[in-house]
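In the two complexes below, chain A is the common chain; its partner is chain B in one and chain C in the other.
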Partner chain A sequence: MSRRLHIEVFRYNPLDPNSEPHMQSFYVNEYDSMTLFIALNLIRDEQDPTVQFDFCCRAGICGSCGMVINGRPGLACHTQTKDLPDHIVLHPLPVFKLIGDLSVDTGTWFRDAGARIEAWVHNDHDDFDASAEEVRMENDLANDIFELDRCIECGCCVSACGTARMREDFLGATSIARIARFYLDPRDERNEENYYQVIGNDQGVFGCMGLLGCEDVCPKHIPLQDQLGIMRRMLAIHSVKGILPKRVLDKLKHKGCCHESH
Partner chain B sequence: MDASTLTLHVRKNGAGVGRLDVMQMLSGVLLIVFLWAHLMLVSSVLISPKLMDAIAWFFEATYMAQVGGPLIGLLIFTHFLLAARKMPWRASETNAFVKHSVMMHHKDTWLWLAQVATALLILVMASIHMWVVLTDLPITAVKSAARIQSGTWLPFYLVLLPLAEIHVGIGFYRIGVKYGYITKANRKWYQRLENYMMGGFITIGLITLIRFLFLTV
Partner chain C sequence: MQIIYSDLLCIGAGLAGERVAVEAAKAGFNVTCLSIVPPRRSHSSAAQGGMQAALGNAIMGDGDCPDIHFADTVKGSDWGCDQEVARIFADTAPIVMREVAHWGVPWNRVEAGVHTYYKGGKPFDAEEKRDKHGLIHARAFGGTAKWRTCYTADGTGRSVLNTLDSMCLRYEVGIHDRTQAEALIHDGENCLGAIVRCLKTGELKAYLATATLIATGGYGRIYRATTNAVICDGGGQIAALDTGLVPMGNMEAIQFHPTGTVPTDILVTEGCRGDGGTLLDVNEYRFMPDYEPEKAELASRDVVSRRMQEHIRKGLGVKSPYGDHLWLDIRHLGEKHITTKLREVYDICTNFLGVNPIHDLIPVRPTQHYSMGGIRTNKDGAAYGLKGLFSAGESACWDMHGFNRLGGNSLAETVVAGRYVGKKIVEFLQGHTVDFKQSAINDAHTKVAARIMEMTKSSSKQESAIQLRDEMHSTMMDNVGIFRNGKDLQAAVDKLDELIDRSKSIKLQGTAIGFNPEISLALRIPGMLKLAQCTAYGALMRTESRGAHTREDFPERNDKEWLNRTLAYWKDGETRPELKYEETTPYFEIPPGERGYGGGKIIAADIPEEKLQVPGKGTDKKKAKQTKKAS
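Right, the complex of A and B next:
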């Protein structure tokens, strides 16, 4: 027998001086393989056209429909209502600027983070030939890079991060995974010191407190904490080069590490 | 003096936060090892009070208690200073983190609040414990038993023991996570290990306290 879902939605329009933040209840009849995305669209189509939420691809690719679902950040389109209790509470993602109701501006945050970590290939070549054939890459390495490039920038990991919520300038797991992608890429010629200057601080890898929220909510199941650990270890070892014996550092560097193809 | 001595406009290579992070981790690891060793040594009273006395005598004859004790105190304080860089000292930070923990209902997030709370309590209580023990050397099983039986000290240790073991257990697990040794693949296994170790050490500690409580003074 299908359930009648009680969906509570956070309502607030920060641009309207008369708008008061409050929770509004909606009731929807559940049907087979209903996702939260479908339920929200039903609400908007049939009950209240003013409910604001973002969506685009409805397939977990665009990263627009991130929201807090019963306390956990996740994608509305990736969440089936049958996996939730019949009382569902929806909030906008924290950390990001609220546009209205469940809609937040993740774009500005990610653009800023991308600029701060300099998320582009760095090299000193001034003889770039745009018509030349691309240099070939080993398939395994390409796969490793792609594994990190799967991020859809939905912002769930940032919203699930205790550090990011306390400290606005924390770059978050997504940025570290992003820079790890360049670290793996042989076309990026930044050395460890270059990476250290970008993320070797409390806003980057050393700000992470290992709370694992990022990894536990990532809708794309990217091993965010593992990646953070690898980058943190690499940069921590870099910071004590010359203090601790090289032999010990080399040993620590490779112990229990994945993604070691670079 | 170089260009980076007085201005933040010039960055110095390598140095800085990374070293603080390594020091925080190393001081933590040393304290974890110390606390486990400490508990094993004190629990030698379970085998025989004479054995505990002999061990205590050894540590004093070699001046490890007289010198090592205050050094451990210093290590605890250093570790506190380093780790306190992450504590939510501002009201807005505490507010954000508590709200976040309530929202997420996520164990690893809650554990960090436990880590902060136990840290502050341990800082005070471990200082008291060290002062009491180190100003009344030599350590003997009979003197320890007398302290436990005096009344006020039993509740004190019944609080300090689990606090310290919980802090150390979570810290051990967290270091593994932060430095990429505990990964998605083995996390469950390490969590179980951490729970067993925490439970095991608290149990040994409790049995030791009971032994002191019933030791003839």
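Right, the complex of A and C next:
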């Protein structure tokens, strides 16, 4: 027996002086394999063409459709209605600037974060020799780098972050994992001091309160917790390296996960 | 109205747009990229499989070279491609893969030693060479003689896009996301930029530029069942076609991917079959070897899609509430392989289908996937008809794909063409100045503003954009699909005539101050209908079967009459496109012949001797002789 879903959607148009933030109820008949992508588009096609929400790939790969689903940040496109109760409440992601209804401006936030941490491989990009063989790399290392390149910048981790809710300039777990990606990459010529400059502060790794909501909600299951730990350890050691004996430093100095044996 | 000036305006910030942007920004030019979504959400990010380049590092790609890649591409295109362009592509692809590696792409690498690979579902061992250890690895894709597809697990598009976007950040390319180019600004001779709608506020702005690039991807959304993202609505092609000056090339050449999932139409990568996945029917019988004994599941996409449809028509599909489908079986690849090298596939199956591909079969059917056609450009990426307008990637008909493109060739095209066309644009910018005529800016702005005003205010109009979209979808699915015939195509053309007429009377259903998503659709639908008509009408007139264009009433590939490219122009006020035809290729490095898969009869052409010479390379007598024999 198919259910009749009660979907409550947050409505607010910041550009309309008469608009007040409020919840609006819609009702949709559920059918097999229904996702929130399908349900929201039905609402827009059949009930209210002005509802704002974002979808792009609708396959969980692009990160457009992050929203708060029954109180928890997640991707609407890969949320199946059968996994939810028949009353579904949808809010826009907090922290990001609201564009309207369920749509928020993640693009500006992530570009700003990228610029602050200088999120590119620091080497001489013009020094590319078209006739030379590529610089060799171990396949395992390539896989480790790709593991962190899988972030789709949906913003769920930032929305679930206690620190980000309190301080606007916090870079969030996503940016720290992004820096960790370059730290792993031998093509990036930055040293520990350079990394310290960009994330060795309260806006970066030392702002994290360790609540780890980020890891709980990451739809791509990126090991955000490990990366926070690795980067924090690296920067903490860096800041006391004049004090600790070299023997201890050498023992602590590796780039991988702290659970691995080295 | 706000006016923003750049040297280069890139409409679209996926792989092709950003690769061009990087090239121009590195040369010191001021570049602005427009994108409907933040660039990293572009549909390029969804490409799972990989990029073809003849590096020849993998043992299964041993001895590969651009010549073999070129030959595979020409065969794949069913001799419909521009061979000069395909040659540029095959020759430069390896360099471009190394270049993006230098910039940060974590390509999977060769690991020396014995590895177990799969072909046709059967495991075999091969030993990767020690001297290749650590170089860029490759996997198998359909229609190729060698394993040639460079990859980063199954997130190739994601990782290359991240890298290019990071280069845009480094070279300070201006990224203006949530913007949609609604019309090109031009004076009849030069393209001067675009009128752009801000998707945050609804405001119209003028972006002026000495050079304008369209890199907006495909137009798959004219079909209901498509693997394309929601934003792949042909916005760039529409802006170009609406000038009346710029033609679309080969719009009837539409690729259906063999493995769209049912019912969500999300693609699972060709890498599944490349890595050894097989296709099964209702009896869980592997049917492809019966049709294609040699290549089986790894024949080119048009052939596999057609064979699947043929098999379903025999009643051997699996019945479901969403229509008949077949099965993709990757169970034998094992948990480790599926959860690492095919992880996106695993995620898609578990998250969207409720299927666990380690233990279950995946429901698949051929689904609209790629537009070989698009804005016709010359080999430099310069659009026909307007100076200063360029196009690259899927939005363009550059034309290395002809009537069918090989898996892994389009993702590679984005960056290979991006680099090549980018360099040509830099040359253009270095030697070119343009006058920005106020009247041209006003004309373009007035047209867009008037359209929005009419659909908002007019009381005599009543058509719903959503209704028109749904009717277009049904028409394209029913009558312009994998198998085509004159009767159905004529019905589609007639129906599209009607829809185009009705699209002049679109009226908004709701109102909203600022940005209104309904306006986005209402502005796009009339143009999408025109693209659909270019596709249907081009398909109706092309009375042969070539690559992905399959006419049941004209099953032969007719080189005698149809070894050409369709050009569709749309003059202002007309109800149908005007079709013209041009030569497929300036010369044939490889004369038309058998593809070696797909079957089908060929009506041979009489190709003059001088067309069989590669300029600067002299006559290739051996090849010329072969053609004579074939004809």
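Throughout what follows, the second predicted complex is superposed on the first by the 237 of 262 C-alpha atoms of A that agree within 3 Å, B and C clash if a C-alpha of one lies under 4 Å from a C-alpha of the other, contacts with A are read in each partner's own complex, and residues count from 1 in each chain.
Operating definition for what follows: a residue touches a chain if its C-beta (ideal position, glycine included) is under 8 Å from a C-beta of that chain, and two chains touch if they have at least 3 such contacts.
Because the structure is a prediction, the values reported are computed rather than measured.
With chain A as the common reference, the superposed partners chain B and chain C fit together side by side.
After the superposition on chain A, the angle chain B-chain A-chain C between C-alpha centres rounds to 170°, nearest 10. When the two structures are aligned on the shared chain, A:N194 is found in touch with neither chain B nor chain C. Contacts of A:A130 after superposition: chain C is touched, whereas chain B is not reached. By the document's definition of touching, of the two partners only chain C reaches A:A115; chain B does not. Applying the stated contact rule after C-alpha superposition, one finds that A:Q24 touches neither chain B nor chain C.
In the superposition on chain A, contact of A:L211 is made with chain B only, not with chain C. In the superposition on chain A, contact of A:R72 is made with chain B only, not with chain C. Once the two complexes are laid over each other on the shared chain, residue contacts for A:S239 go to chain B alone; chain C is not touched.
Among chain B and chain C, the chain that touches a larger number of residues in chain A is C. Of all Cα pairs linking chain B with chain C in the superposition, the shortest spans 17 Å. Chain A residues in contact with chain B (one complex) as well as with chain C (other complex) do not exist. For chain A in complex with chain C, the touching residues are 13-16, 19, 32-33, 35, 44-45, 48-52, 54-64, 78, 80, 99-100, 105-108, 110-111, 114-115, 118-121, 123, 125-126, 128, 130, 132-139, 141-143, 145-146, 149-150, 152-153, 185, 187-188. If you check the complex, the residues on chain B that touch chain A are 11, 13-22, 25, 85-86, 88, 92-93, 96-97, 99-106, 108-109, 111-112, 174, 177-184, 187.
Chain contact summary for the complex, chain C toward chain A: residues 26, 37-43, 45-46, 95, 97-99, 101-104, 106-111, 133-137, 152-153, 155, 158-159, 162-163, 166-167, 169-170, 175, 177-178, 200-202, 229-231, 263-264, 266-267, 321, 340, 344, 347-348, 351-354, 466, 508-518.
Within the complex, the chain A residues that touch chain B are 68, 71-72, 91, 94, 160, 162-163, 165-167, 193, 196-197, 200-202, 206-213, 215-216, 223, 225-226, 228-230, 232-233, 235-236, 238-241, 243, 255-258.
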